[in-house]
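Which chain is which? They are A, B, C, D, E and F, in the order written, and residues in each are numbered from 1.
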Amino acid sequence: MKVSVFRTAHFNAAHRLHNPAWDELKNKQVFGACNNPNYHGHNYELEVKVNGLIDPETGYVIDMKELKTLIEQEVIEPFDHKNLNLDTTEFAHLNPTAENIVVVIWQKLRRRIKPDFDLQVRLYETPRNYVEFAG
Amino acid sequence: MKVSVFRTAHFNAAHRLHNPAWDELKNKQVFGACNNPNYHGHNYELEVKVNGLIDPETGYVIDMKELKTLIEQEVIEPFDHKNLNLDTTEFAHLNPTAENIVVVIWQKLRRRIKPDFDLQVRLYETPRNYVEFAG
Amino acid sequence: MKVSVFRTAHFNAAHRLHNPAWDELKNKQVFGACNNPNYHGHNYELEVKVNGLIDPETGYVIDMKELKTLIEQEVIEPFDHKNLNLDTTEFAHLNPTAENIVVVIWQKLRRRIKPDFDLQVRLYETPRNYVEFAG
Amino acid sequence: MKVSVFRTAHFNAAHRLHNPAWDELKNKQVFGACNNPNYHGHNYELEVKVNGLIDPETGYVIDMKELKTLIEQEVIEPFDHKNLNLDTTEFAHLNPTAENIVVVIWQKLRRRIKPDFDLQVRLYETPRNYVEFAG
Amino acid sequence: MKVSVFRTAHFNAAHRLHNPAWDELKNKQVFGACNNPNYHGHNYELEVKVNGLIDPETGYVIDMKELKTLIEQEVIEPFDHKNLNLDTTEFAHLNPTAENIVVVIWQKLRRRIKPDFDLQVRLYETPRNYVEFAG
Amino acid sequence: MKVSVFRTAHFNAAHRLHNPAWDELKNKQVFGACNNPNYHGHNYELEVKVNGLIDPETGYVIDMKELKTLIEQEVIEPFDHKNLNLDTTEFAHLNPTAENIVVVIWQKLRRRIKPDFDLQVRLYETPRNYVEFAG
């Protein structure tokens, strides 16, 4: 009986899309308003999906309190109320697009979740733009 | 042309998480506030997904009115405004975690839906905690 | 400059609607499935609105962290994962309809919020049924 | 690193479900109120999912502005504020059920999106009834 | 203790905005795509708010089942899956803008609700455009 | 017949809460993580409410296309994808708390809307924290 369990979380952050290998004009053409050198920001909504067998003793796939703690340690503490470009090591040299952020979050959570569980992460940058990564 | 169709429904119920093979302390440690002997409750939101071929005569995979009736008979009537532990046969001896509830609902619906249709059920216990089962 | 600030919170609880002055039949007629003697439950969503002057030093009407703490102390701790009829003093002798719950929450918060602030409380019993009280 | 990106859009349209090969009675029996000869309508909410490799130069799978433009050209311009049965060529001879609409939208977008990208389209006819097609 | 109670409902309808006193050009200039002679449509979401005293015997302001029945009789039955311009007497000679629809719904409900209750109606034409009337 | 009409919009921005009259420690104590010198950000969701008489010729209180244009000119263009502290004149010397932002938006829109219309603005900083101003 493999069941998926989902847990959501959110964090607020500033970011700027920029490729240092390009000149200012090319950055502006590709990234538009997202290239603002003074940054802009988002309420990021996160959905973590873990797929695995139900433990017959607990009736749980994974204890939601444990999953909540993992997300707080790996995602909320390092990213909430931060400037992703300036305040984090993960995006010091990686462009903080939604695509790159969701891969980074998946990698950080993957190390903390048992290998026999499947992991998928969805990240809403806005209610209209979102991304998903499953490894 | 295989298309998935989704239908949502909701029910309100009380429940208590408890493993009778454990003593009171262990139950409290594992299930925390969810172990309250006087029960707590939820607005359960259900999403049923049926995948199959479009019938060229109707343009439907399955008539939504028919799917709605199935969900009402198999899920809403037995579970809505009920205490899952005390008022249902399904959870008299099965811990009513979201994981176990979604498997039970899937099994009840699976018997009523044509075998050439795929079935997946998602159950929101809260907007932040939800589960999914596809057999 | 009087501005309203809103903060939301949620709690999960079991309850039963019942008037002990009536016999079983009348209770069943008036309260229907909500009269289930084994209880049912809800995810209660709460919205607290405080109206007052902006403090020119902070730019705040009220510090949201302070408001969040008040709501946790007065509402979440006593009511979350509880049976409102059995586990609370407030509803030991008061029928826990949404109307009565929202008045009780307003009274508990009113005592803790400065008298020059106006207070309004909205309580969602389900996404389709909700109530509001402003004193 | 294959990531899925999602973009939403919406359009408002009138439609009528009807099979011209059937008589009036059969149409009424199968399609019920949806067979109203004077039409009824919906706010259709669309979710387009594109799965592909992250471009290391941009950090994007696909530029959301480009995807937004495609959706506007292929879906919003021809369908928004239209009568699907009378004002479109796509549904002049095809019953505009949600299932048929989502397949038509997928086919229109598929022609405009690079073949190495996977495409999935979800269409909400109401918040309670929706469909999904992935080719 | 005056408390407001809210109940939501929804209906799907087609409509066309048109002033017969104007020529075609003026109608097109003012109403744009909403003037389409073949109609377009919406999922209308309705919120009915009733304000009154709590009945000490029931703990209710008004029985939600009774309010639900009123809304079904006065709004859902006459308007759901209808063409507002062609299928209703209310909008045969009244332009079915959201503003006019909300006033008509309020008038129909006002006749059925006790005079000592205040009534307010909100109508969502889309999640981004909505209107409210309180008499 | 005075009806309220609502229109929503959204913008994404970075900001920092800071009072230059205070030292660093006091700013940290009062504003916490919101005082991050590198900024953080939000998806701001805006709801504009205009109350006035229905024009009997159009059936409108105000043309929604006109209201949408006003909001774009006064709010979206100056604030979207901006750093409120660095990129705007409005918040160069005013702490960009949600309270101050909603008052500024109200003042900018008030100048553009006819004096016989009432105006109210609601601003969601997150889905859990929001503010409202009506003059």
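Everything that follows uses one rule, which is that a residue touches a chain if its C-beta (ideal position, glycine included) is under 8 Å from a C-beta of that chain, and two chains touch if they have at least 3 such contacts.
As the structure is a computational prediction, the values presented were derived from the model and not from experiment.
The chains that touch chain D as well as chain E do not exist here; no chain meets both.
At the far end from chain D, in terms of centres built from Cα atoms, lies C. Among the other chains, F has the CA centre that is most remote from the centre of chain B. For the touching copies chain B and chain C, the fraction of interface residue numbers used by both exceeds half; the interface is of the same-residue type. Distance between chain D and chain F, defined via averaged C-alpha coordinates, is recorded as 34 Å.
Once the centre of each chain is set as its mean CA position, chain E and chain F turn out to be 29 Å apart.
Inter-chain centre distance (chain A to chain E, centres taken as mean C-alpha positions): 41 Å. The set of chain F residues that touch two or more partner chains comprises 127.
Chains touching one another form the pairs A-B, A-D, A-F, B-C, B-D, C-E, C-F, D-E, E-F. On the chain D side of its complex with chain E, the touching residues are 10, 12-15, 33-34, 36, 38-43, 80-83, 86-87, 126-127. Interface of chain C with chain F (complex): residues 1, 3-8, 49, 54, 57-61, 63-65. Of all residues in chain C, only 17, 19, 21, 30-32, 94-100, 102-103, 127-133 touch chain E in the complex they form.
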